[in-house]
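There are two complexes below, and they share subunit A, which is joined by subunit B in the first and by subunit C in the second.
Here is the complex of A and B:
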């Protein structure tokens, strides 16, 4: 098991480390260029909390995080077939389900760490510019990001099981994400589908106050649970398909 | 004659390697443009289904919001990353690099052919809205000026080439699977973020804003057409310069790489 975890880590570590460094640098830049950047995102003067929410949790960084989680999800046995290493991997004395499970475990851990990065960087660096960002807020957003991130990771993982082409899987997962986002905005479906973008940033959510940029209510535990169940379903489907695939 | 045949074969090889990505990308942009034009009434009649900033009073504004400054532009930019991923490092991973390197052509020829075909693909996809929007508009009794579509096609070409160059450069530098894609995505997303810094604001570093003519569009006297400002030629030249620099860098690195 440890060796499988190590294999999954070796396969994804460059992607993960690159993503982590990029997110950390961008978050640090948001803090240090607060004076410059706040003028660029709003006409009216913004409080520090609203500035951080707009630029980090509502803005480009959220989209970047989503795409990075898709890219953490792709890979796996279908890709190994292309590289002709799948024979060696399948010859290991472990089940295919275990191979996928370890890849999922490592990937989810990486997603959680990526989601936690703003929560570590923002409250830690803010005092250096004479500002403060409540860690409780940052960690609440980290929980939202990690949960939704796991679902997006699941989309990437399922796409990588279905499509072997190097770029087909990420493109398919990206289209899946865009398609879901569009459908979640269509009126009859709006009631039944969770808008994952809004859950991540709190827009129009009862637990979030846009005027202060703060999470003021309880986190939507049922929604988060539903997202986690959907993730489990995606991984489960991926496992079933992997078990039946012919390499 | 022999050299010509070699170039043709290299072009065919580059085409085979990129055709799925290209056709998928072209189909996506074409579908989006067609939907935006043919279903413009249905889309605008359901204000609850479209984002706040996308509600439009005129057809011209509708096309601008959905295609030239909105979803189509965003998708186009991201798809250019996929078009740009190439180079010989990919082949090393799949174990075909020795065969390619054994061909009686130089590495420069191989890379230049890949770049040439990639540039053609960027050109073709950037030109799709120019071909589709004015033509399809007449089918729904609407009018969209060809000159405006041409204006945006040039801007998309400039921006698209830069993203293509970035992706190509990353695919030459990073060997790990999907690492180049991650690096290129990070680079692409960093630009609008960096552009928000006030010191850089006057220089309009955000090329995505230039591609969509953010803040420079204006109405005609009848308030029926949303028109762009004159073509920012210098900015386009800078885009081309950066693209050439990135592609030149990719070529130089490839020539020195050990496979």
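Here is the complex of A and C:
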């Protein structure tokens, strides 16, 4: 088991480390360019918390995090077939379910770490420019990102089970994500589908106050649980398909 | 796992794999005995790799049954148990490119309780494999050696190799064949696919010839030398092919007034039958593996 975790880590570590570096640098640059980019609407300047929320948790960083999470999800046996190592892997006395499970464990751990990065970088660097960003806020957003990130990871994982091509799987997962987002905004479906972008940012959510850019209520545990269940379902479907695939 | 001599380590019955309308393997009945080197000979696309993949549960059979070391190949749990005692070296010999030689040895070792550290060390030295070098930086010959090291260090009961000499230079092929003979002498059963007749002839005890997904010949090399013959018969008029439907006759070819009969025994009876129906010439000669192979796969195509 340990060596399978090691294998999964070795296969994803470059993607993960590059993603982490990219997120950290962008977070840091958002902090250090605060003075240049903090103009508000009209004459009223934005508070630092609102600035951070707009540019980080609602803005580009959220989209980048989603894309990076998809990339962490792709890989596995279909990719190994492309690299022609699948025969070596499948000849080991290990079930396909265990191969997928270890990859999922490592991938989810990486998603959690990526989600936690802004929570580490933002409160740590803000004092350097004479500002403060509450760690409790940063960690609350980290929980939201990690949970939704696990679902997006699941999409990437399922896409990589279904599509063998090196680039086909992430593109398919991206289309799936965009498709889901569009469906979640359609009027009759809006009531039933969770808008994962809004969950991550807090937009229109009872636990978030947009005027202050702060999470002020309890995190939506039922919604987060539903997201985690959806993730488990995606991984489960991926495992079932993997078990039946020919390599 | 203790395997009795003459036990069947691989056994398939009517094993079939179809991809749409195309049958890669068709009603395959294959028996591989323990403690032998069995060559699985066939042209490219004959179904050798698909058969091996089904044996190792990489591909699911469309129909039919099979066992590997007595365990069902289509049952994931049983097959996984069998794979503890089976080593496999694939055609590409592709291994995890991102690991170093020593990392890959450490990785593989963790799955096998009977891993023989001293064998791994001996082969590492004998094959001159640099432990710190990344697998991606190894030549195909070195990757083959590393794959063999990983296979033999786990003390397998059965070693399955898919086209092991593919892409290797003559020196590497020679080393490979010597390694396989050495492993067999230590009690490992070896089953290897190939389309190289010379290497099969050199090391195999037994040969299965596969054509269009079906076993068309299965004999030991001793049987080939002892029993297989080509009986060539000349006739004054059109030769009567039907007269040679008799025991031991594998194939009959007619070329104008001449019949060429491939027999796996009973050669003298075939010659006698020819004389009894007025053959003007009768010639009985031993036959090589190459001839049997060509005859088998050409008559099928």
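Definition applied: the second predicted complex is superposed on the first by the 242 of 247 C-alpha atoms of A that agree within 3 Å, B and C clash if a C-alpha of one lies under 4 Å from a C-alpha of the other, contacts with A are read in each partner's own complex, and residues count from 1 in each chain.
Everything that follows uses one rule, which is that a residue touches a chain if its C-beta (ideal position, glycine included) is under 8 Å from a C-beta of that chain, and two chains touch if they have at least 3 such contacts.
Just so it is clear, the model here is predicted, and its values are computed rather than measured.
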Output check: A:68 vs subunit B and subunit C. Expected answer is one of first, second, both, neither. What do you get? first
Is subunit A touched at more residues by subunit B or by subunit C? B
When the two structures are overlaid on chain A, which partner does A:83 contact: first (subunit B), second (subunit C), both, or neither? both
Applying the document's definition of touch, where does A:247 land relative to subunit B and subunit C: first, second, both, or neither? second
Based on the superposed arrangement, let me know which partner A:26 touches: subunit B (first), subunit C (second), both, or neither? first
Which subunit A residues lie in the overlap of the subunit B contact set and the subunit C contact set? 11, 83-84
Provide the residue numbers of subunit C that touch subunit A in the complex, in ascending order. 53, 56-60, 76-77, 80-81, 83-84, 86-88, 90-92, 94-99, 106-108, 110-112, 147, 162
Spell out the part of subunit A that touches subunit B in their complex, as residue ranges. 11, 14-15, 18-19, 22, 26, 29-30, 33, 35-37, 39-41, 55, 60-61, 63-64, 67-68, 71, 74-75, 79, 82-84, 165-168, 170-171, 174-175, 178, 185-187
Subunit B - residues contacting subunit A, complex: 20-21, 24, 28, 46, 48-51, 75, 78, 82, 85, 90, 93-95, 174, 176-179, 181-183, 185-186, 189-190, 192-199, 201
Can you tell me which positions in subunit A touch subunit C when the two form their complex? 2-3, 6-7, 10-11, 83-88, 90-96, 243-244, 246-247
